[in-house]
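One structure coming up, written as structure tokens, with questions to follow.
By letter and in written order, the chains are A, B, C and D; residue numbering begins at 1 in each of them.
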Amino acid sequence: MRGYGVIEVNNPGWMEKDRPQVGPLDALLRPVAVAPCSSDTHCMHGGSGPKHNLILGHESIGEVVEVGELVQNFRPGDIVVVPCNTPDWEVPQLQRRNDNNAHDRRLIGSFKFMGSKDGVFAEFYHVNNADANLVAKPEDVSVEDALMTVDMMSTGFYGVEQADVQFGDTVVVFGIGPVGLMAIAGAALRGAGRIIGIGTRPNCAALAREFGATDIVSYKEGDVVEQILDLAGPVDACIIAGGRASSVNQALQLTRPGGVISNINYFDASETFEIPTALWGLGMSDVALKTGFCPGGAYRIGRLLNIIRAGRLHPGKMLNYTFEGFDKIEDAFRVMDEKPRDLIKPIVKISW
Amino acid sequence: MRGYGVIEVNNPGWMEKDRPQVGPLDALLRPVAVAPCSSDTHCMHGGSGPKHNLILGHESIGEVVEVGELVQNFRPGDIVVVPCNTPDWEVPQLQRRNDNNAHDRRLIGSFKFMGSKDGVFAEFYHVNNADANLVAKPEDVSVEDALMTVDMMSTGFYGVEQADVQFGDTVVVFGIGPVGLMAIAGAALRGAGRIIGIGTRPNCAALAREFGATDIVSYKEGDVVEQILDLAGPVDACIIAGGRASSVNQALQLTRPGGVISNINYFDASETFEIPTALWGLGMSDVALKTGFCPGGAYRIGRLLNIIRAGRLHPGKMLNYTFEGFDKIEDAFRVMDEKPRDLIKPIVKISW
Amino acid sequence: MRGYGVIEVNNPGWMEKDRPQVGPLDALLRPVAVAPCSSDTHCMHGGSGPKHNLILGHESIGEVVEVGELVQNFRPGDIVVVPCNTPDWEVPQLQRRNDNNAHDRRLIGSFKFMGSKDGVFAEFYHVNNADANLVAKPEDVSVEDALMTVDMMSTGFYGVEQADVQFGDTVVVFGIGPVGLMAIAGAALRGAGRIIGIGTRPNCAALAREFGATDIVSYKEGDVVEQILDLAGPVDACIIAGGRASSVNQALQLTRPGGVISNINYFDASETFEIPTALWGLGMSDVALKTGFCPGGAYRIGRLLNIIRAGRLHPGKMLNYTFEGFDKIEDAFRVMDEKPRDLIKPIVKISW
Amino acid sequence: MRGYGVIEVNNPGWMEKDRPQVGPLDALLRPVAVAPCSSDTHCMHGGSGPKHNLILGHESIGEVVEVGELVQNFRPGDIVVVPCNTPDWEVPQLQRRNDNNAHDRRLIGSFKFMGSKDGVFAEFYHVNNADANLVAKPEDVSVEDALMTVDMMSTGFYGVEQADVQFGDTVVVFGIGPVGLMAIAGAALRGAGRIIGIGTRPNCAALAREFGATDIVSYKEGDVVEQILDLAGPVDACIIAGGRASSVNQALQLTRPGGVISNINYFDASETFEIPTALWGLGMSDVALKTGFCPGGAYRIGRLLNIIRAGRLHPGKMLNYTFEGFDKIEDAFRVMDEKPRDLIKPIVKISW
């Protein structure tokens, strides 16, 4: 079968591989729609370590082609929403909480696509623990909206959950790309008061306001820390959904004593941030610094779909570059890599 | 000074009283706007024990007339939002959490208006611990919206907080009067998916949908438990914001194992509810039954005002009966007592 | 193979059954040691509905005899600790939290021994999802201590977790049988201050004090509510680990506004309790009523074993009736049913 | 009146000052017993900014000499336990949670002794909000035990609360001075399994084991990170109760993905720590970094006293240098500054 991915670092392309084998708990899918993500291009450039001969892609809606003998809830032909995170649910550490790092305490062990196996930019792809990880696509949710739950909405909303946003809180979101936009939407749906997004792209800014931001602050108009302190004073929570490690320092300057800094950004292994203890209240600031990736599995995605079904959010609005046909994965991937100024998020519609 | 209240049980009327004394931490206010509440009429009818010669009222926006020597944040002429709950913040039990019952472990000890002193339907009224309990009314929030934060929004939102609503949860709200409407709005602002209100009044139902309800179920169209199970199956949370004690039993039939029943309804002392252990999973259902009244103090009200300032909710829309002038407190109170079918909530505008 | 259980209601005895089949995720075990529980005798008497031809028993240490093809962590000959609760970890609802009721929202669906299949009083018994549910017995933990983790300690400690005991809290434990004793030990290990046990049996009372109770109150010396209010005033939490449904009413009289009533008792389907709203603060008491059964799976049991390994508790001290040999399951079961006054908990040592 | 403190940086000594004035909510105390703390000597050396002509000391048991007109619970002659943290409870931000930083969002604004006013090493000292901040010393608690609740036990236990230690967790405590010892005791009382202390002083190590440590690791026997990983693998929580800012990096190497680093150490303003994102899982580690100081007020101290009254801990055991008489404050302070190798914590007994 054909797949698109990283042949070697900085060299993306098509490759030929064997169709994956299906174990008793697994499913084999073919893609209905996929969306490239900046983690895909980051991986291609070697940002998470050198990878080669690996099919990329982790955001997809799929059609079930084959299921293992123990799979009870799905059968060939079903259209399913596929979390980007697909834990092995037999791992006991997951019983403490739904934790991507539970697998032998290995970092992001539940992020299997592109991590420990090929991704979804393929004619066929494998899903472990199908009953626990797949969700039947509800008829009343569009493919676009459903596709945006599997990583963008799940990750952005996790930033809000980590920040433990309470009614009326003031929240700053660093970055107004797709993850930041979903953090903004999540903060609004969590009852925040003022929500300040940091970013510059005009159509992202417009969508940020539509999703609930009350203010957008740009690096181009001066120091963002000063601008935000002028607007709102110290804030209850900062969600870092973009930028470099130095964002943590800016967040420390913005967050009130007792507040939370919630990171959902994936940093490059080459980065370091410095925390002068003076910025940290000499250890007495009560500012918590939390970091993590969205929990995996079917349950969470089902819950996010419920929000869409109730008409409270349409994350598919972010998909402003559309490609049609399996072969267009390459074009979509290149757009994601080049990030034209008006891009929010691309989709490749394959079969529906 | 004049005040309106309960002369003796079932006999409301005007009374003459001395103007309250102001201690070092206190403030004296005159009413800018007040809203009668069903607790006021409930109290007049003796529902919380026989009261006499007591000025009623606990929902108000006020103007500061006088402050004690230790009050730092307010001075005469300030327009302030007055929580219905005004704890004495020197009570150590409040340090565990903001608890209305903290005062010598006495029930609702922080509910002072109508509880341990005269209420706000008076030419002048007393507020203890002014710095800790009053909030300056923001200029960009209308008196109507601000007035609805002090009890209705605070109580309804507390029902949502008690229910610990998570993204995508299905929530049932018993009652679509003002508190139920605020519970619906709060659940929507907390990221619930499906929100099912139980009630019959058409204009309440319309406002419930505007505030975020996806479904309205009426007792008139059959058994509400059956209707809801047909619509949604067992639900994640039930918020009881109206009805009689038997609502708890209905909620037990509706709530999934592992869910929460959150009561914010004030029952009559004559009521009892029965829980057959079979409905309670023989003690193994994991359904939590929580009950309580909104936390008091300035901080909470400030946070609710932040939500209004961000444009996310306009609770003043519930005020569909308007009276003008101090003397109209009587008419407004009688309307609250008679509850005409189209009433949602009355306001008396006094001076602004 | 032979097994001991309920032939028909009120008629326990030995029965012959086929050896269970092992699926890809499962294990077959033979018992090393087992302990009868009052749930076993309750089931035999029909308390949880009429059962027949069912092997009883759910507390065991086992030896692995056979494993399915997908089992990675265990092989024949391993000595393992077997949780009384063994969820199917492919069920998505478990991803929200480790919930015994998650299986199709069915009550205690994860309690499989005696629930949906034969129990452990058998020559061989079946464990689903072996990797997720079994724990290798640590060499430095005795069989007696390990055996007490699988239900007694897990259930008693869950009562403490539900009660959310904080440093210095005053806690009442209803019942000083094995579950109550473990609730007392758990409250002490959770940092409670005063711990008051309610019960009468002298050797249980002695062990309760050893495990951390500061006071023991007996029904024989007067009304327990009055005695406790005299001793300690209203308390922070009540854990119900014994008695009838009316204990809930006593707990409502004992628990301070803002406190928690945590039930871990398994009631008979014939029982009902009444809550007069006056006892419930007319709905404003802020007293939460929680109920549930211990979470299942390997992770939790591993954590409880860590406490034993650190020398902080020896729950095996409760095992004061010892039987030796598989055939003695019958005698141990009868002792459990008759409950002689000096019985705390029986063990049957089978093979080690 | 006389007091001992910092005349100018690095120059401690006696000074003469006016007796403090008592406002309506306040109390004036004279010391019954005091304990110097490393924060006192740190302050004298200018570590928290240059201070001059300031009486030091914040750990005391006192006798009430005078109370303000609004104080209800205390009168002259009462022996009281005095939290090191004494918030102004009229500040609304405290209503969100008991937060030392709530005062105008100023860092540690509730730490008033030595912070915004003179400390307790004086013939007389002032306590704001007496009803909310003082606790009557229980007769069944020794002065030594009571004195250790006001900072050492409260701070050490807060490290455990921040770390959210669960039953059976493995916990590392950096530092086995008095705060570290209390973190160890608190972790044991919170149900931790293995508790590993890092330190070298023999009598601290002995007391650490008595308070619940299972292992003590010393810098002198090799790299502590390697030693701990060899002993226990990645741990659930690290509590930093001593050492320099680089401890945060060691904690990042020790803490499992999903764990917590809880800092309760007061750093010097000159320190900085670096976090390479690689140590932070590229932002995906789910390791939370929390920091803060013990909450203030009477309620918390009352709860800690409950633990002592139940006989579960005797923190007074740390007081291994005893001085008698007000004038000996100087000697005790100098011992604290010099830290002889066998010192754990000094006490000055003044009047009882």
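One rule holds for everything that comes next: contacts are C-beta pairs under 8 Å (C-beta built on N, C-alpha and C of every residue); 3 or more make two chains touch, one makes a residue touch a chain.
As the structure is a prediction and not an experimental result, all values here were calculated from the model.
Novice: Could you tell me which chains are in contact with subunit C and with subunit D alike?
Specialist: A, B
Novice: When A-B is set beside B-C, which has more C-beta pairs in contact?
Specialist: Result: the pair with more contacts is B-C.
Novice: How big is the gap, in whole Å, between where the Cα atoms of subunit B centre and where those of subunit C centre?
Specialist: 41
Novice: Give me the residue numbers in subunit D that touch at least two other chains, ranges are fine.
Specialist: Subunit D, residues with two or more chain partners: 93, 96, 302.
Novice: Okay, in this complex, where on subunit C does subunit A touch?
Specialist: Residues 23-25, 69-70, 89-96, 98, 129, 131-132, 295, 297-300, 302.
Novice: If we count contacts the way the header does, which residues on subunit D are in touch with subunit C in the complex?
Specialist: 157, 161, 166-170, 186, 188-195, 212, 214, 302-307, 309-312
Novice: Which residues of subunit A touch subunit D in the complex?
Specialist: Residues of subunit A touching subunit D: 48, 93, 96-97, 99-102, 105-108, 233-234, 240, 245, 248, 256-258, 263-269, 271-278, 280-293.
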